[in-house]
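See the structures that follow.
Shared between the two complexes below is chain A, which has chain B as its partner in the first and chain C in the second.
Up next is the complex of A and B:
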């Protein structure tokens, strides 16, 4: 029977071409949506790598500048002490602009043993950074004062960079740098990669550099860990303290929880847009399928009557119509899957192959389900046609 | 072979009730070639549909090959039609998207047969109606007479005991009509197939063993 149906479909290929094209396009759009969804879900399942609750970010620009490094350091150390002396402040840390959920990035690449690692986030941090964000230390140690005088420049990396650079072996004590770098850095610790661009972003790879005496010239953010329940009154007090200390500076205080919400929202926008497009497309395909099958039943009443006369039951007529739709869907999906597998094969967007495969499987399942649902009712209607009536109408 | 007892068929709509067949009783013997005649709308096709179990009577009993058909469900009726009956229609009812051989194979698709058996039986049936050289043609590439011969091949491919033909020569000119009639007569003579044929053509009807006339849903001869 399958061969018979395939022959019937093949001989009507011109009539079926448009419907198959519609199924193919919907598969491709659904593939994009599901792949994106799986990518987001996969990232969502990964640990955040930091604790953002009760962490505030103070942005300051146009701050005090001095050619004298000592007076510059004194200025910022005094500010540190002032802020730390405020009630509700547990810890503070001066840091580079690429704080979590800030939309600012500072990244680069590195070639290690001929393998290029791209998109490495570079964070400039203080010794207190780990405690402010409660980073998870996986190997080695975090920075301490002794690192200021170490012979080889120390670096702390995240587990993603560790895997990319050193595989499964321990990274602590290893030298890190481009193949052609004469001076390399020594890895002293490995931390859990952080999702700096929100819940749906891919964490890491990243490397953390310790601030030095000249860092205050360009650092422009302070992370402040506050007590739970610290309120707007305290925020006002903190703002006033900052504003009074940095008279010419533009001070702004943000909460990481709010910034995460905004970042997540912006991450979801492309998925929402694709979702809306695919919903319209799916509705279009569903209506098209339903219409074509309905039209087929009316056009093929004679054939349905004949099949009933020569031995087909109502259910087998219904099954035939549903099977025809499913075969059409299969042909469209084979073509669609051919294009879809090119993405993992050519590594188009640098996503893991499993994400693409999950996207393909979900789209295939969805298209089959859609076609099945759209075929069931017209198929049932065909089964209800009385053979004598169908043959007479022809 | 076929026994109809007090068959009545009433078509009902919200406002009108039409009596298509009024207490028709008819016996068709095994190996008989019976023709049914009557003016348009007298119930000939309705009677043939009821005999072919394509339509259910409002009243009365149908026995085919000593089997009561009244209590059969959809599956049993389908199997019965597939094994015992062959149908020929005025408008051929061929599937234009399938080649001649595939059209003839159709009834065997609903039986437990292999693809090879189906091919062989269909080719044999087409040879019997003189279309062995048209296996790969599509129905649209054939003349009316050839199409009807394909329909006959399809009707006989499953070797049914009964063939029900609804005006098989109605769409053909007299020469083609005679050709088709010869094939049917030959099937009846050589294979002993029981044939019931509805026709408007007196000449064709007189070539059969017996003629039944209907008028306003009742048997008049």
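Up next is the complex of A and C:
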């Protein structure tokens, strides 16, 4: 049966080669689209790692500077007290510029037992950071006052980095080296990784360092957790308080909810555009396949009529035509899958292999479905051919 | 001759309406996507508001200092730009402005986000903003550190509401009151080097603009006397940068370039990665893949349609038509088909663009079809028609006369 079908395909190899190329290219386009979609969906399912409702970010550039660390700290501690004394303010935390959903990143590397891990988000945070953003502690503890005097520099990492560095083992108490492995740090806690770049980004990896006495020189953001329902009037008041205290700074207040919306928007728009474009491509390909198959079957009326005349049922005729198309699709998909498999094998874009495999499976399924739908109607039409009419034509 | 081909083409199109529909659908939709893409790129790259004298301009938006394992790269300081471009002889004027930054202002318990930019007075001469009312600040006002501001049309509406004139009124931003002296037409945010909601003299900046470090938040727009002077101006800046000492000992080289608009627009922030290369490659790959599929589709359909006409071909061959004539005829027919699809594509593009403009995806970005977009559309159509016609026509012309005639 199969041998026979292959022979039929081989006899029309020129025409079929073009059809196969078209299926192959559609498969590759679909593979790219589905892989991207699966990547987004996979990230979307993962927990956010923080609570962004009612958290505001105050940016203050060009802040007060002083050579004297004591007066610097006094300046900012007074600011902290002033802001905290406002109504509606629950908790505040000074932090480095790479707050959640901001474009700013602060990447670094670290060394663990000779293994180098790159692209880790470095956050410099205060003790109150965990409460402001409601981070989830998975292991160990968060920073507290006693860490200021500890002998080995403490560090808190997220579970993404923990898995990359220590696997399933517990990380608390382990030592980490910095980028060039010169400074050793001790892990005191593990938190849930945070999706810094919005809902559709991969959480982590990240490490959190505690601020030290000189940090105020370069910190430039404050995260403020406010009461639910705090309005623009209160925001104006907070703004005035900040601007009056820091006369030389440019102050800006942003809401994490708005920032998340913008970040998601920039992730989704390319996806939507790609989706629309590939939908049209698929419709285009489907129409083309349908037309060609339909025409081919019309041309083979004689052959089909003969088969019907010697006793083939309508179903077996349409099954033959459909399976011919399916074999064509299979041949195209084998070639396509060969190219697609190179992506996880060569680790081209640093995505987990499972995402690629899901992408391949989905696009294989989709191409099969497409070919099946496009060949069903012509196949059914062929089954309806009366042998007498078909043979008469010849 | 051509008239005949045209008649035949129309007759063929009418014969199998379903196939005609498939072909036209494929062509017009591909063209729509490509035209929307072109309109977007054209808007981002070729829209010369407010830098209308682009052919006479160069842009400096980055300085990099590179050591063995370390690199520092970013926008420049006001001091560096004014000091070094001040030494140059070719530029007639140098506009300097900061990157845009955000702040808030609160009017009637409403929050307004404001992007601000500090500029010098020459900025207004190098660039040609359309002033709806008022005028820009001059050198004297900048030197005096007058608290004056030029605002955008959008900001006027947001802050003052629907009022006739706002010149002379006060605008509060960053907790400071500025006197409005001009209102300009909006600049879309895609033109990130010039975009802002409000423009302030750099002397009122809260940061210390006299700071002598190299990096800061400013960039410069150099204006040459004639377009012919631009290469000279570029070379002069390169020469100048070669003589600039590194700031710290752990750096070895200083890099900074005065580039044309496109080059500076797609700058990646790194010396070793060319933004132009990345952008051109990405766009080419996208265009290649998204035209390959419809082309293959069209080739498939065309072969089917041509083989259907084997008797016609047989008769023509029997009466002595050469393969060349036949190939020529079918390519012309196919071009007629693609041009027809092209016209539908243009109509669809207009609809798609008005939809995109209506959705206001990026504020102040008005996409339009102009001659360069239409030209690209026409070019794509022709290439499309040619490529998808050649192979089927060649296949057809190879047909044996006897087989072709017998097929019916």
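Here is the rule we use: the second predicted complex is superposed on the first by the 388 of 394 C-alpha atoms of A that agree within 3 Å, B and C clash if a C-alpha of one lies under 4 Å from a C-alpha of the other, contacts with A are read in each partner's own complex, and residues count from 1 in each chain.
Everything that follows uses one rule, which is that a residue touches a chain if its C-beta (ideal position, glycine included) is under 8 Å from a C-beta of that chain, and two chains touch if they have at least 3 such contacts.
Predicted model, so just to flag it, every value in this text is computed and none were measured.
S.K.: State whether chain B and chain C clash or fit side by side on chain A once the two structures are superposed.
M.R.: In the arrangement built by aligning on chain A, the partners chain C and chain B fit side by side.
S.K.: Of chain B and chain C, which one contacts the greater number of residues in chain A?
M.R.: Chain A has more residues touched by C than by the other partner.
S.K.: Is A:314 touching anything from chain B or chain C once the two structures are fitted on A? First, second, both or neither.
M.R.: first
S.K.: Name the contact category of A:235: first (chain B only), second (chain C only), both, or neither.
M.R.: The answer is second: A:235 touches chain C but not chain B.
S.K.: Of the partners chain B and chain C, which touch A:284 in the superposed model: first, second, both, neither?
M.R.: second
S.K.: Angle chain B-chain A-chain C between C-alpha centres, in steps of 10 degrees?
M.R.: Once the two structures are overlaid, it is 90 degrees.
S.K.: With both complexes superposed on chain A, which partner does A:149 reach: first (chain B), second (chain C), both or neither?
M.R.: A:149 sits against neither chain B nor chain C.
S.K.: Enter the shortest inter-chain Cα distance between chain B and chain C once the structures share a common frame, rounded to whole Å.
M.R.: Minimum over all C-alpha pairs of chain B and chain C: 10 Å.
S.K.: Find the residues of chain A that appear in the contact set with chain B and again in the contact set with chain C.
M.R.: No residue sits in both footprints.
S.K.: List the residues on chain B that touch chain A in their complex, please.
M.R.: Spelled out, the residues of chain B in touch with chain A are 45-46, 49, 52, 54-55, 74-75, 78-79, 81-83, 87, 89, 91, 93, 95, 97-98, 102, 105-107, 109-111, 115, 154, 158.
S.K.: Using the touch definition up top, name the residues of chain C that touch chain A in the complex.
M.R.: Residues 18-19, 21-22, 25-26, 29-30, 33, 101-104, 106, 109-111, 113, 116, 174-175, 206-207, 289-290, 292-294, 296-301, 303-304, 308, 361, 395 of chain C touch chain A in their complex.
S.K.: Over in the complex, which chain A residues touch chain C? Could you list them?
M.R.: It is residues 14-15, 18-19, 21-22, 25-26, 28-29, 59, 61-62, 231-233, 235-236, 239-240, 243-244, 248-254, 269, 277, 280-281, 283-285, 287-288, 291-292, 295-296 of chain A that touch chain C.
S.K.: Residues of chain A touching chain B in their complex?
M.R.: The touching residues are 1, 3-4, 7-8, 11-12, 302-303, 305-316, 386-388, 391-392, 394.
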